[in-house]
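Both complexes shown next keep subunit A, but they swap its partner, so subunit B is in the first and subunit C is in the second.
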Partner chain A sequence: MWARLILSLALLGLVGGGTPSESRAQSAAQQGPVREYQLKAVFVFHFTQFADWLPGAFADPQAPLVIGILGDNPFGSYLDDAVRGEQVNNRPIVVQHYRKLSDVKACHILFIAQSESDHMRQILDDLRGRNILTVSDADGFAAQGGMIQFLTEKNKIRLRINADAAKAADVTISSKLLRSAEIVTSGRE
Partner chain B sequence: MGLLIRALGIAGLAIIATDAFAQHGAQTTQDDALKSMSMEELMNVEVTLVSKRPERLADAASAIQVITQEDIRRSGASTLPEALRLASNLMVAQFNAHDWAITARGFNGVPLSNNSLADKLLVMIDGRSIYTPLFAGVFWDVQGVVLDDIDRIEVVSGPGGALWGANAVNGVINIVTKSARKTQGLYATAAAGTLLEDMAAVRYGSHVGDSLFYRVYAQRYDGYSSNLPHGGDAKDDWRMTQSGFRMDYQPSDANALTFQGDAYLGSEGGPAGVLVNGQNVLGRWTHTYSVESDVTVQLYIDHTYRNFTIQSLRDAVTTYDLDAQHRFALGERHRLLWGGNIRFARDAVNNVPTFLIVPPRRTLQLFSGFVQDEIGVVPDRVNVTLGTKLEHNTYSGLEIQPSARLAWTLTQRQTVWMAISRAVRAPSRFDADLVAPGLGGLAGNPDFAAEKVVAYELGYRVQPVDNVSVSLATFTNRYTDLRSIDVVGGSSPSSLPFQFANDQRGTSSGVELSTNAQLTPRWRIRGGYTYFEKRLRPTSANVLPVSADVEGNDPRNQLLLQSIMNLPGHTQFDVVTRYVDSLPNYPVPQYVTSDARLGWEHRAFEFSVVGRNLWRRRQQEFGITAIPRSVYGKITVRR
Partner chain C sequence: MWFKDLPIQRKLMTVVMLTSGAVIVLTCSVLLAYEYLTFRQTTVRQLTTLGELIATNSTAALAFDNQDDATEVLSALKADRHIVAAGLYDKHGTLFAKFPAHRRADAFPRTPGPDGYRFEHARLSSVQPVVQGANERLGTLYLESDMEAIYERFRLYGGIVLLVIVGSSLLTYLLSRSLQRRITQPVLALADMARAISDRQDYTVRATKLGEDELGLLTDAFNQMLIKIDEYTKEREQAGARLYAQVGRLDLLNRITHAIGDRQDLPSIFGVILRSLEENLPIDFGCICVFNPFADVLTVTSVGAHSRALATQLHLLEEEQVPIDQNGLARCVSGELVYEPDTRHISFPFPQRLASAGLHALVAAPLLVEEKVFGVLIAARREAESFSSADCEFLKQLSEHVALAAHQAKLHGELQQAYDDLRKTQRTVLQQERLRALGEMASGIAHDINNAISPAALYTESLLEQETHLSERGRDHLVTIQRAIDDVAQTVARMREFYRQREPQLMLAPIDLNRLVRQVIDLTRARWRDVPQQQGIVIDLQVELGSALPTIMGAEGEIRDALTNLIFNAVDAMTEGGTLSIRTCAVTGDGAPAVDEAADMVASAVSVEVGDTGIGMSDETKRRSLEPFFTTKGERGTGLGLAMVYGMVQRHSAEIKIESQLGHGTTVRLTFPISTAQPVSPSIAVPARLAQRLDILIVDDDPRLIQSLRDILEGDGHTVTVAEGGAAGIHCFEQAVKNSHPFSVVITDLGMPYVDGRKVAAAVKAVSPETPVLLLTGWGQRLLAEHDIPQHVDRLLSKPPKLQDLRTALAEVALRTSTFAHK
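Up next is the complex of A and B:
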């Protein structure tokens, strides 16, 4: 019992070396390997708290915040697991799946799967002017006018944010999120 | 007794329930731990990558270029060889309306009937080898892939390592089609124009449950004739009808099955007057043990038939091919890959007096095994790949093909690589079994040996800024036992004056530069420059001087530039421009030409107009016939 307590304290970075964030990262890994899309799902969940939409984006104060996945769902059940039972500003979070862009109706965060990379520019063109936060891990996403791009480097996830694109779509991204990301502007990276 | 079973049953259920609960519990606490972290903390979590081969293109220790689906679609290509023009490390020349000379690093030989003698390339469509054992080259006219089905085309110039199959002497072209999961719904396209007469393709994809996906397609292509050098009909118009299917079934995370097949039927006018048909089926099973380990077993049967009607020379080939490979990690640093392949190619030739293959029926056997070890000498920095392939073929027996490759990742954005490899081209029916009074009295050589190369390569890849990548590859190839035509003066078994022998050797060297740059969010360019030179010399006094010219007619300089631009209002404007230096032996002057595409793509619809060979009225590329300037319009629906 005592041994376990000391171990968990150590893992939390209260005892022993390492920066707190590294130690906590290890503690998550202690419970088995963290899958790429499990982690990305948690990132997407966090985006719900770090972005703001126009007042008209929600039909009423209780309307859910919709996270959409366009194309082949790479998350399995990770995204559903990450948002289950969670609320943002008293709104429930729901996950919806879309096969094609015309299915996307009321949606706040749209994750565009790599299966759509061939038509990415077309998709982003069609989304232009809609109050939706676009997210993807497709290559060159932010450069093409997507808002948040996941990059994987040395098995870690980084974010690249195209702040201009978000501004153009009237999606406000909090400075907290911007601070932790690499900021790019359309056209020049 | 009954009670015992019930008790065991309940206990079993309890165990399963506890297990499921425990698993779900672990998952939830891990999720909770992740969710309570800040952004910075999340960025420190290491993940296991889902992709089987985490190897990035930038880290590969070979001169590999990839043509993507978008590159093809935006180029205005309407056939597979046209799409291959987009790889700047290939030498592609259109011979007539339907035939092509395609090679990497030289050796596009002079036209044989209606094909080039290029015989040093391994070409595969979804793992099915498509070069013919008749002369070790590819009949490009019958490779009618629906271009929209292509996921990507990987083009490796230089010997393929132990990984690839036979014939990968100067390069490998690997055409990979999309999984059926990616082609769901309806796709229909139709085109008409001045050289491309008309073309139509329909594809439909659907699924049964969540694990079985399939597609079926049918395609028709009608092409007008090309021109004679100074105008006039070259009478090489052609028609090709093809249909096929692909099924992808993933009953569990660990098992994936693919089953696919195609059948085609076609005819070609002109002096060569050809009737063709072919059928193939392929099955592949992959069992995944872990991220680092899997087994793949693949079997295919391929039948091709070709009737050169004018001479009533006919050739039918049936190929049976079984391939297996196993990948696993040994310790922290070693990634092993080993496997084996058995191939039987049975052919039957209907000979004519001027051109015979003797014996007319033969079964060629190919047995091969390979092993490769990728060693992380300095993890994430220096990788050494050692491998060898042992191959046994009907004509020349056992051949050993080792290779050593090194990739040194200087920074995340820079890689230096080098390689030394040996590869052989096994003799073909043409080399060994030919008796051709019609070709000036030329006979094959039953003792023909494999042609051999030792290739030295050095390359550098850099990503100077995020959206620009540049790749440079240099090589020197030393060939021995190259094919020659020797003067034997009737002493050959068939008492013809000339006979094939292995009496040439030589050196080739070159530079391949390629780049891909997203200049603005709406404008991307890609392209490359290739420099090539080769020198062959006879090793016997009997060699006919023309031998060197027969083996290759290759340009010294080649330039490619593809521009892909999105304009406002869903409009697209794309241009492919290429420069090809003059061909030395069978003289074709240097030329520059462009294809341009204007497209409009919105939701389910795509309209485009493509102009080709825009610089001149007609353009000779290889041999006598000239390819006229042309235009076509195309409409596509995706639902």
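Up next is the complex of A and C:
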């Protein structure tokens, strides 16, 4: 806990002390790709708390909640740092890295890196019907049928959610999360 | 302490209102306190709930750093107007979002502070965690609420409470007003009545009882008390009336006692008492009787002024007698107060007598002095049984006072009498002493006069006897001279009456009253005619002399003096003139004047009347006129005139009657009895001239007397030797005896210087006891009267000597001497 507090403070210090590496980034937290992903890592972790899965998604009550990263890992160690020691409904959180889609087995949140943007449609199609919350910061992700898309707006990270896609995948997204996000349907954009 | 003085109604009301008010206020206070506490809790809970809601809703905003979303969530708070401010802090404690949006950030706490809620500065603030899931703390929510809700609530509640208080007070007031009447009404009624009673002093009213509670008991007790007070008041009034009556009686007693004290005579005392009783006790009839224990009767002595009519009816006027019957009066005279409440029921005569006059109640109170009843006070009223015991007691006390006063009056009278007697005696003694001194002087004068007139008397008598050839005129003159000398002698003799202690030996002689009256009129002419005439007063004299008056036996001089005195008095009474009437007549035995011849034959008395038309006498003066030394003439009178007349009247067994009326004159009538007895001749028949020649020694100190005696005696043929003075006389007599020519008779004067008649007589008798001694004295009559014939004196002759007496005396002694000589 202390460690986390210190980490958070350090993070803040980093965010505050960093210089913007991207033109869109104005806020201290989003002044570079590193900090951006640091935030996104926290967001991803937060998703664990605002989404529910089918009971069958977990092998047993103690089965960990798995966050998978498909493609190149943009987070570095941030995600691992964010989930370290955390539990969701008494389940530990595990971060797994996948090179290809077929590696994806038991997974609950799947972050699809921008490296996979070219065959995003394919991936999404393949994942259809699987009880997995899909997250990506690739452009048009939500429109293509992805569930949660990060987008940066006025130097702030915003969420765009395709509620239909989530519903189709039997992933229940908390209305609180839905309210603070932009809701889209497939095919739009 | 104002409460104490409140009327009970207000008091009760105050108590009820205070009590109910206190209960209501307490209840409301508890309710308010409870409400406050619960409402606070409720407010906290609501705020907490609201916070939780906001916190829950803002988790995503915090988690995904969506400030707009957070602000929007917070803006929902505007629905609750009591939320003053809300702040969302991120997990680092930095203010993330605020409400209201325009509120400045520095108006919020820099850091949210610890979780929980607190009240401060009339604000309620809560700090709550914003948590998503089990333990992920995303931030902190700060909420600040004003207390307006509570205040509002309190205002509402306050209003309600006020309404409740007012309403309940009103209700309480109305209820208690109607209910307390049940308590206050009897109390107020009692109070009103008590006030009315104390105002009107009427204790006969009674309070109405309204129930059987304590007030009922109180009412009963009050009524009971009123009954007691009423009784007590009546009793006190009666006692007051009794006391008043008693005081009245005491006052009456006091007044009567005072009135009695001012009076000393019994009739007046009795009169005052009876009048006071009649007017003030009062009584209808009152009288006072004196008890005569010997005759056993009561004699009415005094009757009340207002009782007179009844007394006449009852025959109970003064001097009437009441026999003592066996009940009431008998008991009364034995010293008891007797009260007959109704005389109609008493069969004895006296009560019956009163009853017949309508007097039905009778009280007879004894008048006791030294435990002896001397009288009875009788009081009566028309109404039966009308004397109270107090009246009886009063009458008893009064009777004691009356008795005492009567006794005192009697004592006073006796004392006064004794004092008067003593004074009279003293005056008499003084007067007598004066008279005695006067008498002594008069006696001396008389002696000298007698001596002086002796020669005149002797010569006159001798001339009349021996000078046979005297002219008629000369003889008349000599007779007048002789009578004048006799009168002088008698007048001088009478001077001694003034101091004479004893009754003079009356020398009664037959007297022709008419002659005497004429004499007196002549003698007093100066007084009744000449003296008044000089003063311009005319006194008319009327003389009526009865014809053929029988002679009376009497002392001529005394009667003459008496008539003189009466004439003087009559003249003195007529200071302005008038008529002096003198009248004589014969009267029959019954006092009626005898007017005719026949009556004259049976006349038993002769009366002489001296009347005047002067000032007259009052009854008092008339009553006292005969007292010695009583005079109305002041210094001019001796007070002896009428007293001497009275003395004369008594000595002559005569009667005196005085008729007088003030302003109309006085008439005094003297009535002398006619004596049938022959007067005793004072002298025996002796020859006019003694045949026997006597040797006579005359001893005297008055040469003129000696000379006249010698002339007379030598004329009679006697041998006369004279000796001037007592000593010479004794010497002469002794010489004669020595020379064997003793004198046959010695005539000596009594009063002589150095050797008086007594000594001469003694000396003569010492030498020759047989020689008779004649004592010749100017005091002769006095000595005679007093039987004071000195020793050794054979015969006493008074001056001026009458020839006849002298010859008789000489004859007597000569006879004795010759008889003696013959033996």
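What we mean here is this: the second predicted complex is superposed on the first by the 153 of 189 C-alpha atoms of A that agree within 3 Å, B and C clash if a C-alpha of one lies under 4 Å from a C-alpha of the other, contacts with A are read in each partner's own complex, and residues count from 1 in each chain.
Going forward, contacts are C-beta pairs under 8 Å (C-beta built on N, C-alpha and C of every residue); 3 or more make two chains touch, one makes a residue touch a chain.
The structure displayed is predicted, hence computed values, not measured ones.
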Please indicate which partner A:R35 is in contact with in the superposed arrangement: first for subunit B, second for subunit C, both, or neither.
first
Check whether A:G140 is in contact with subunit B, with subunit C, with both or with neither, and answer first, second, both or neither.
first
Looking at the overlay, does A:V88 come into contact with subunit B only (first), subunit C only (second), both, or neither?
second
Who does A:Q49 touch here: subunit B (first), subunit C (second), both, or neither?
second
Subunit B versus subunit C as contact partner of A:I157, first or second or both or neither
both
Decide which partner touches more residues of subunit A, taking subunit B and subunit C as the two options.
B
With the two structures laid over each other on chain A, which partner does A:R128 touch: subunit B (first), subunit C (second), both, or neither?
neither
Tell me the contact category for A:S174 with respect to subunit B and subunit C: first, second, both or neither.
second
Just which bits of subunit A does subunit B share with subunit C as contact spots?
29, 39, 43, 46, 156-159, 176-177, 179-180
Write out the stretch or stretches of subunit A touching subunit C in their complex.
8-9, 12, 29, 39, 43, 46, 49-50, 86-90, 156-159, 174, 176-177, 179-181
What does subunit A use to touch subunit B in their complex?
20-22, 24-25, 27-29, 31-39, 42-43, 45-46, 72, 74, 81-82, 99, 101-102, 115, 118, 121-122, 125-126, 140, 143-145, 152-159, 176-177, 179-180, 184, 186-187, 189
Of all residues in subunit B, which touch subunit A in the complex?
26-31, 33-35, 37-50, 68-70, 73, 181-182, 184-185, 380, 412, 465-467, 518, 520-522, 566, 570, 601-603
Contact set on subunit C toward subunit A in their complex:
56-57, 59-61, 63-66, 69, 91-92, 132-136
